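Each of the next two complexes has chain A plus one other chain: chain B in the first, chain C in the second.
Up next, the complex of A and B:
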């Protein structure tokens, strides 16, 4: 009960800060805010499938990329509004998630092996898009700027910011509601012990695939947003392993399998990254070194993440 | 009536017959015991019955229906629940949520699932700990939790795999009482047990396994006097010249 109030309180405080933030910050800080929210959304997506359901993904870039490409290609070639393109992308990503999951679980892949399969799929998609003319090849897609709601384009970055904030909220609320229902409780049961869950009548395969589908759809949503906001995508950007890493890192730092973990994680990492980028100007890839160091530190000293550790302490777990 | 019938079941693994042409019958409303030394194949047989292993040959009948190819999930929906030899609590879920996972098996709503969970927790005496995380429970409590979860699925037959293992004498006595109570509530039980007084006191009928084969069956008195059983447990008598 105590932890529930704390969780709700933290989220409301975060939301208020997030709501006021754009009005107090300039163009640069607003772009940092958007980076935080993109990471938070990706993190929340990973959190659902890997943090709660325990199916460790190392290939969330696959879903992100599908989302980015689906809306962009449909918009450029068929004039479909990116809003609708986003929905198509979500459905496609969910389908790909189910296929990856079904193949892996059919052959009883778990843990590290499952993670490797997800990585392989993301890499395969990157190579496929890079070498297929019909999918725009290595040149990628440049989305022309038109300031209109229908086009998912806005002159004011605040509009982008609030749309993204709504997406992050929707994902977070979805998980919060899920946690109290059969689906959420059973997902945690599957993570903790799949055999025991099955013996209690939990439809293990169906639930794991559902978790993957929903998670993939959320990541695809982030992908479409990315394409619309930055206006340019190519396979090496949206299918990059670094995108997969960006889905994982906030959860590891904040706490996987907790509602607020990915949000807190993103809130810590992006400012750190910005800081290190300005401190070590012109040094490419410093953020990756930073991720690596942080992950090592957290895995060794704070396995449950910051938020996760606090929650565990409150629930009476000593270490 | 025969609730569960195992007919000529064999299970091979890595070239060995872990279970070889075994048959047994579980009568509705009774407690049936399955005993045997370590490695006799009891748990393997359990895994065949509860859908974890595919049988190599033979049939398992539940209410006359063949179920040997059904998954554990399906069997649970049909009314066969089990516990594991090593308790497998869902550590980061509360005790109540742990049991509710089982409750959802037959429940039509969230409310009903938690009602089933409450009934089961009351029955095993863990209701006071409902808000605790499962990983904070001690061994005895974890066994009770395991039992409560299985009960919450509203089973007709309960397969218990060494529920006494690792319990203190006091906890064992409580557990014996509890199993009796569960049986009186109308749930048929098939149990594996090492501790002889426990199984002799509780069971209506006993099967004895040795090296994958069924070597004896009968009432507790008959089995305890069977020379083959005594030999299996104590070794053959020494021949003195």
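Up next, the complex of A and C:
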């Protein structure tokens, strides 16, 4: 119980810091803050499906890209407000998630083969969008700038920041509430031992698909935000394998299957990247070598991630 | 079938051979170590650059650089397995996948650091002339690549099925503990298996160096193709990898000819997804991967 209080306290402190941050920082730091939150949102999305429910996805770019494209195309071609476009994107991504999940679970794919299927779907979408005129092809979508609420565009980056913060909070609170309910408990049971959970009456397929759908919807939300904030998307950017990796890495560093893991992970990785970018300016590669080394080190030496390790220590659980 | 279609069929077979060799390495690594190696494409690029550096730096033929590349690739693969991967052998599959992903980033970006992101082209003298037989064009580099692939594949089979090391590798793939009880140094044998896998993909890369312009992230485009081939042939099934390499090579070039280059990728990924769902053991596979 003590750790739960501590966890809540930490998250509230984080939230307060995140709330004050934009008023103390300049343009550059604010953009770093937004990068952190985008990664945190993607991470939280992956965390739900892969960290909690144990279905290892290597293709979250598929959902991210669907979200980005749904709102952008609906806005550019039909004038639909990106807010509504975002909802459409979330529904679409959830539907695609359910289809991928249903087929995979129907054919009993697990582990690394499931990861390969999700990767292949994301790659297929990338090629599809790249070569289909109706989907804007390789040129992508450039979203014209109009400062208005309805257009999901703001002159002040602070507005973007707070909207994104609200999204991250919503995803985190959702997972926190889920954890206390039957759904969350059953997901963990499915992750630990699917057959045992099933034999105890847990509707395994339904719960796994729900987790995938919600996770996909969150990733799609991040996609729409990305399109609106950066104002430009193309298939090689939003369906890139690096997006899928960006969803995984914060969870690995912070701790998959923990509430604060992806948040902490993003809070560590992005500043590290910014730091190494400025330290090694002009030299290609060092930045990503460090990124790779970080992944290797955490997978080998700190499998529970930083947050996960701290929680485990506090609870006094030995491995 | 007109002559262009026949030409692309031929190109498909020749390129398919190179894919097959790279996928053979992936399949071997999976079969012995049960690791989904996401660093495979990056290791292939390392092979390309080693051959490129030796050939352009010392002015020797890229094919003479291959043996040196083999030694380097083996050492690299051996060390990758022996150090990071060895420590997480008991971890869930996805952790190993992530580890190899981290290794891929390190390899790729080291190349980026050393060789810059620019395209590099190796020109081999005498290779600008193509052989023409009855309207078909045989590019010398592709022909040599195919011949080398056959020789190397033969060597790998000999190594795996006719030598003590090969027996040890297969024994530890079948039963780790049993192999250990028979006095096999499983740790080194597994590392050797990874090394051989790295050599396969490195040679495949090296053979492509005279054929295409290379850049540090080139391997990424071969990565998924290798997975497709290895899964189609049945992960761990080496003959399967060889045959499905040719199949994918032909599908790629024929669909590229009839549908256009980018749609052939679509088709290949489609085949991949279908195979994963319907026949995850591959066309020729025996091992049941469903009960993971």
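For this structure, a couple of remarks:
As a working rule, the second predicted complex is superposed on the first by the 312 of 319 C-alpha atoms of A that agree within 3 Å, B and C clash if a C-alpha of one lies under 4 Å from a C-alpha of the other, contacts with A are read in each partner's own complex, and residues count from 1 in each chain.
Quick note on the criterion: contacts are C-beta pairs under 8 Å (C-beta built on N, C-alpha and C of every residue); 3 or more make two chains touch, one makes a residue touch a chain.
Being a predicted model, the structure only gives us computed values, none of them experimental.
With both structures placed on the common chain, the touch criterion links A:68 to neither chain B nor chain C.
Contacts of A:227 after superposition: neither chain B nor chain C is touched. In the superposed model, A:103 lies in contact with chain C only, and not with chain B. Contacts of A:257 after superposition: chain B is touched, whereas chain C is not reached. Contact with chain B, but none with chain C, is seen for A:197 once the two complexes are overlaid on the shared chain. Comparing chain B with chain C, the partner in contact with more residues of chain A is C.
Look at A:316: by the touch rule set out above, it reaches chain B but stays clear of chain C.
Judged by the touch definition given at the top, the superposed model places A:186 against chain B, while chain C stays out of reach. Across the complex, chain A meets chain B through its residues 1, 180-182, 185-186, 188-189, 192-193, 195-204, 257, 315-317.
The part of chain C that touches chain A in the complex is made up of residues 36, 84, 87-88, 91-95, 97-99, 101-106, 108-113, 116-117, 216, 220, 224, 227, 231, 260, 262-263, 265-266, 269-270, 272-273, 276-278, 280, 289-290, 292.
Contacts from chain B toward chain A in the complex involve residues 50, 52, 71-73, 76-77, 81-82, 84, 88-93, 97-98, 100-102, 104-106, 110, 113, 131-133, 135-136, 149-150, 152-153.
By the touch criterion given at the top, residues 50, 56, 58, 103-104, 106-113, 115-117, 119-121, 123-124, 127-128, 130-131, 241, 245, 248, 252, 283-289, 291-296, 299-300, 303 of chain A touch chain C in their complex.
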